[in-house]
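Next up: the structures, one after another.
Both complexes below contain subunit A, partnered by subunit B and then by subunit C.
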Partner chain A sequence: MEIPLRKARVSREDEFVVIDAKGVHYRELNELINELVERGERKLRLLNVNGQRYIADGLRCSDCYIEIHGVAGDDLAAFANGPTIVVYGDVQDGAGNTMNAGRIIVHGNGTDIIGHSMRGGEIFVRGHVGYRVGIHMKEYREQVPVLVVGGTAGDFLGEYMAGGRIVILGLERLETYPEIAGEWLATGIHGGAIYLRDEVDEDKLGYGAKTERLSHSDRRFLSEAVGKFCSCFSLNAEEVLNAEFTKVVPKSHRPFAEMYSDSKEG
Partner chain B sequence: MVRNFPPDFVVRVDKEACINCMRCIRECPFGVHEYDKEKKRWKRHHDKCVACLRCAYMCPTQAISIERSPMEYSPHPVWTNRVRKDIKTQAETGAVILTAMGNELPYMSYFDRLVLDACQVTNPSIDPLREPMELRTYIGRKPEKVEIEEEDSSIRLRTKLAPNLKLETPIMFAHMSYGSISIEAHLSMARAAKEVGTYMGTGEGGMHVELYPYADHIITQVASGRFAVHEEYLKRGAAIEIKIGQGAKPGIGGHLPGKKVTEEISRTRMIPEGSDAISPAPHHDIYSIEDLSRLIYALKEATRYKKPVFVKIAAVHNVAPIAVGIIRAGADAVVIDGFRAGTGAAPQVHRDHHGIPIEAAIASVDRRLREEGIRHWGSIIASGGIRSSADVAKAIALGADAVYIGTAALIALGCTVCKKCYTGKCAWGIATQDPELRKRLDPEEGARRAANLLRAWSHELKEILGALGLNSIESLRSNRDRLRGVGLSEPELRVLGVKPAGE
Partner chain C sequence: MLQKLSCTGYVRMCGLGGILNRYGERMPGREIIRMSCMMRDRYDGRGGGFAGYGIYPRYAEYYALHLFFRDEIAKERTEELLKDRVAIIKDEPVPMRRVKEIPQENIVWRYFVEVPHRFRDRREYLEKEEDYITELVFTINDCIDGAFVASSGKNMGVFKATGMPDAVAEMYKVEKYRAYCWITHGRFPTNTPGWWGGAHPFNLLDWSVVHNGEISSYGTNRRYLEAHGYKCRLLTDTEVVAYLFDLLVRRQGLSMRTAAVALTPPFWKQIERMPEPKRSAFTALRMTYSQAMLNGPFAVIITNRDTMVGLNDRIKLRPLIAASSEDCVYLASEEAAIREVENDIEKLWAPRAGNPVIARLNEEVREEVIH
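What follows is the complex of A and B.
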């Protein structure tokens, strides 16, 4: 197969097409990825990624496997539909933003708005994540997105959450802020659930959220999701699961039902 | 406590003409007409009547007339009837008052204080029947310069052009979501847009499968709730619009109540049936112009730079610097929605009290983009209260490239502006999902009427251009010298950039 040679150095290693992203503008890098996928390539390895944005955005390809070595820039796999992306490094804001399907496995940390509005697929972050993670996550029929974080999460986790599942394991803690999740947890949540591997103070919860006891199906879900997470990062799932979890859910699926009136119907 | 709340309207029925056919009962979605079979007596619940006029026009003997209620509170210039009714409603419910359609307070209209020029003697006017008249408008980024290559005897454009929308007339159908209006209303506008060579917006409720055949004339929307936003949806439409705000409710989010999220709506929005569809006030991935730029480019990347990306904002006090920021952030057009813009549901307090007139917003955004030398980077699309071809011409003369019409399009489909869209009981089959009510709008007839409206306005626009001695709509854009203000103060004239009449 002919590989378009531009600024990016492209080579082949076994079934992988290897792209050296050093100094390559994101626009060229992403167009190259699109072209390669269009030509039938399914395994890509990106080296020296240093903050290039929008990698795999809108990519429709359920059997694509993209390895990223370095730091993936903002909006990694935004609007993506199917690809599996493994990042050996950190991801910046908006990884998995409004993603429809696919998997993102991050060996480092993630910054803000990871999984914002995602509708399907999985995101596993081994380290910590920043603010506003999983805001307005949703679900639709059999599409139930799952976001698992090995470390901790910042403020506004799962705000306006409308569906899906977030799991925060808190395996490591920050010195500066040892809590498993920040303030305003699940404010305005009206669907889905958040599982935290710790106790959570009720006063941390935002408007519309409450805690609930875990059911059998919750345990089943956790052992499946945490099991998958642990196998990605060579962790012992049994040990991780052997802890108390707190489940945060919406008080109502219609939080604003009583807010409005009509001057006619009085 | 006695509920001293006079009705807005009274239903008068001519007893002699009435043939007791019961048709009015079936026609009124608000339950006004009631017949007691045992006592053989009619009862009209006047307080429920919204003056949609459906029953009056469906009554086979024209026996019904709807009148404004003569019963009112004692007149008072400050404590108007409406003020008193609002207070009583809120005292009863403790809730925010919900309403629909555009701003109802009697703010002055600048369009009505602006007049167009015409040619006399020195520069002849043009007859559009005799000479070609160009309404075609391109929406999107224009190049800094155009480079042409000559090879043998053929000429080729060397400059790579950014994607633009090609409009045969500078009027598009505004974004109104499927969910707030029916699929029949959407289909009517989609067909009309395709037929006339313009575009319609999906609103934030996604694109129903029945619209797919018209997708190349449809602009998809990405709002804060990200409903239906999906890689295929983005790739399917002709352009993408990020909705930051809307003129009817600047600065606040919205929500479609769960009871309106039917099976079909759920499928199109890709959310569970029956759950509230909440659009947060801001996009929570956009807290700055830089963040906005990130979303603009994420959308461009996801569609491989094939679609223009618009950003819609409500016209607010600082609209000019915000619009400049939007264009600098990479948007191909900024959509400005004035404070008269319609809506399917908005808290009355926001609809009536936030935002600024579209006329002032267009003028200041256009001026600011020119001052910064980047007017060609993006187009200006104006919306919110455009009622006629004259408004379109004035909006363009103030600096817009094109306009969106929402309420006017619905009126073409039969809407009587009863302001009850949010109840989902629209008597004319527009703002409803009720299968029985929806039958009242035939999409074919709707398409014909919506297309007719565009044709009529386009025709008038050509006549207006002819009278101005111009032969293309482009020559009218930002041509404020062809406008004069009547009865406007100095600062107002300065903002609009027009001279007073006679000067």
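What follows is the complex of A and C.
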């Protein structure tokens, strides 16, 4: 039984091109998005999205604005360079994978490896996120990715993190695991920083991670990042910022140096 | 205009799904097929399947054996064995359509059987009827060339083959069956061959398992199971999960929660932090079942006649989403698969690694906190 797929229905609503994605295969949907952007369209509204993968992947367009209504499938905006994407719903695994620039705003929850290898831009998730979020995030000079989560994060947050900033606010908690972040926090971290709006049990820290007092520049960064986050979701930034934060950083920039060579200087 | 699907995605993985109607009301196969199809880009066509519970109400008291035969000789030899070991109440071909995507490699037959009282004195009978049927299943799989038992539970059946799940469903007419619990799997075989017997679900008695990932502890688990009389003959890692649940829950009487602690226990450093007497209990379980512990990346759905359980490996290396509506509980690799078939979701969440999500008939679904 081959499942019949539908062609995307396209219409216009003010300055938006509206695409009804119900039953549309991801390849057709993404080709359509690329085509519309090439033709100069800058505002897209995707309705009835349900699990289509790779939306806006590799899109180079800093003035594009894409609204997604529904569940965005795996690897949303992977390798994207510039677009603003607002998801009214949840995102599946790998949103923002290796994203270079742009902004993803998620009104629902995210699952695993959100912000995987992210190298620039911003991701704001209002709800909870899953495991290995921010794995291998990195930064280079002025390219510093920022990921802010309103709820909690699962285990291995910021695993092998090489740069960038992660902020977990813990505004809502899970019944099954009320901690702000899971076990093995920042395992293998060797760059960047994680800010958690709560105390963090030392037992939860992964190999190579330590906590550190917040500096003035940390507070400036938090007030800016949390301010932006709160304006996306109509939250009171002052209230959210009025709490103790814990900062997690690497113990050294080469935590595994001795594992692969005898020489300590190498 | 309708466009036909061609499955040529490029990032592949297994996908699994399950629905349990908590009031035991039977649902046609349509929804589980739609769930499976929503995840079509995960599979590569080398294995697809379904298991349904409640599909044979007229023969509910008999073991329903679904069998694959490579040829008539295998069928004849199997039937000789069956006639010697059980009473065949009814047998017939499993109704099938020809589909162009799946070459008809096997004869697929079903037998409704019972174990007559007079057989209970036999040497093979041991203690329980289920053990007698288990022994029969292993004898067929192990000793009869070209014969293979796809499922052996009561009032349930497994429908699987080498193909995409939608083609498998079409071939077996899955949409015509009604079940109160359905599970499905689309396969992307990684380490082991794609063949009809290697497609999921894997089944023994009422236990069925679908699995995404790999069981790295397969060797240890297999030796442990073989010491308890199980024979692993399906050339793939997943079957040990079905047998471990049979051993721990059916034969040894552990609860689903305790079995999950044995199979995906917390790490030692987590156990050390537990208060007594929990610490001693968890230590004892880990020591007792060290060889049953499942390692490697996986998400599995395990079902029996009244329960559906979702379980992840201890560090969550594969996706699994759970959800509930007023009538049903859902498990799937992707949220989109659940939303495709249910508009009124009351709760949808990603369970924590190693915490079993237990859905039972007439009960609220719950995630058991172990980790």
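One rule holds in what follows: the second predicted complex is superposed on the first by the 252 of 266 C-alpha atoms of A that agree within 3 Å, B and C clash if a C-alpha of one lies under 4 Å from a C-alpha of the other, contacts with A are read in each partner's own complex, and residues count from 1 in each chain.
Simple rule for what comes next: contacts are C-beta pairs under 8 Å (C-beta built on N, C-alpha and C of every residue); 3 or more make two chains touch, one makes a residue touch a chain.
Quick caveat, the model's predicted, so the values are computed rather than measured.
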Query raised in the report: Which of the two partners, first being subunit B and second being subunit C, lies in contact with A:G154: first, second, both, or neither?
Result: second
Report task. Using the superposition on chain A described above, determine whether A:F79 touches subunit B (first), subunit C (second), both, or neither. Result -> first
Query raised in the report: First (subunit B), second (subunit C), both or neither: which does A:K7 touch?
Result: second
**Report entry** Touching partner for A:R254 - first (subunit B), second (subunit C), both, neither
**Finding:** first
Query raised in the report: When the two structures are overlaid on chain A, which partner does A:R53 contact: first (subunit B), second (subunit C), both, or neither?
Result: both
Query raised in the report: So, A:G188: does it touch subunit B (first), subunit C (second), both, or neither?
Result: first
Report summary line: In this superposition, the partner of subunit A with more touched residues, subunit B or subunit C, is B
Report summary line: subunit A residues contacting subunit B in one complex and subunit C in the other 26, 53, 74, 93, 156
Query raised in the report: What part of subunit A is in contact with subunit B in the complex they form?
Result: 26-27, 30-31, 34, 53-54, 57-60, 74-75, 78-81, 93-94, 97-98, 100, 113, 116-117, 119, 132, 135-136, 138-141, 143, 156, 159-160, 162-163, 188, 190-191, 253-266
Report summary line: Within the complex, subunit C is touched by subunit A residues 1-7, 25-26, 28, 50-51, 53, 70-71, 73-74, 90, 92-93, 109, 111-112, 130-131, 154-156, 174, 176-177, 182-184, 203
Query raised in the report: For subunit B, which residues count as touching subunit A in their complex?
Result: 3, 5, 8, 47-48, 50, 85-86, 88-90, 92-93, 95-99, 224-226, 229-232, 234-235, 255, 257-258, 266, 270-272, 274-276, 278, 280, 284-285, 294-295, 297-299, 301-304, 347-348, 420, 422-423
Query raised in the report: In the complex of these two chains, what residues of subunit C are touching subunit A?
Result: 1-5, 9, 11, 33-34, 37-41, 166-167, 169-170, 175, 269-270, 273, 315-316, 319, 321, 334-337, 339-340, 348-353, 355, 367, 369, 371
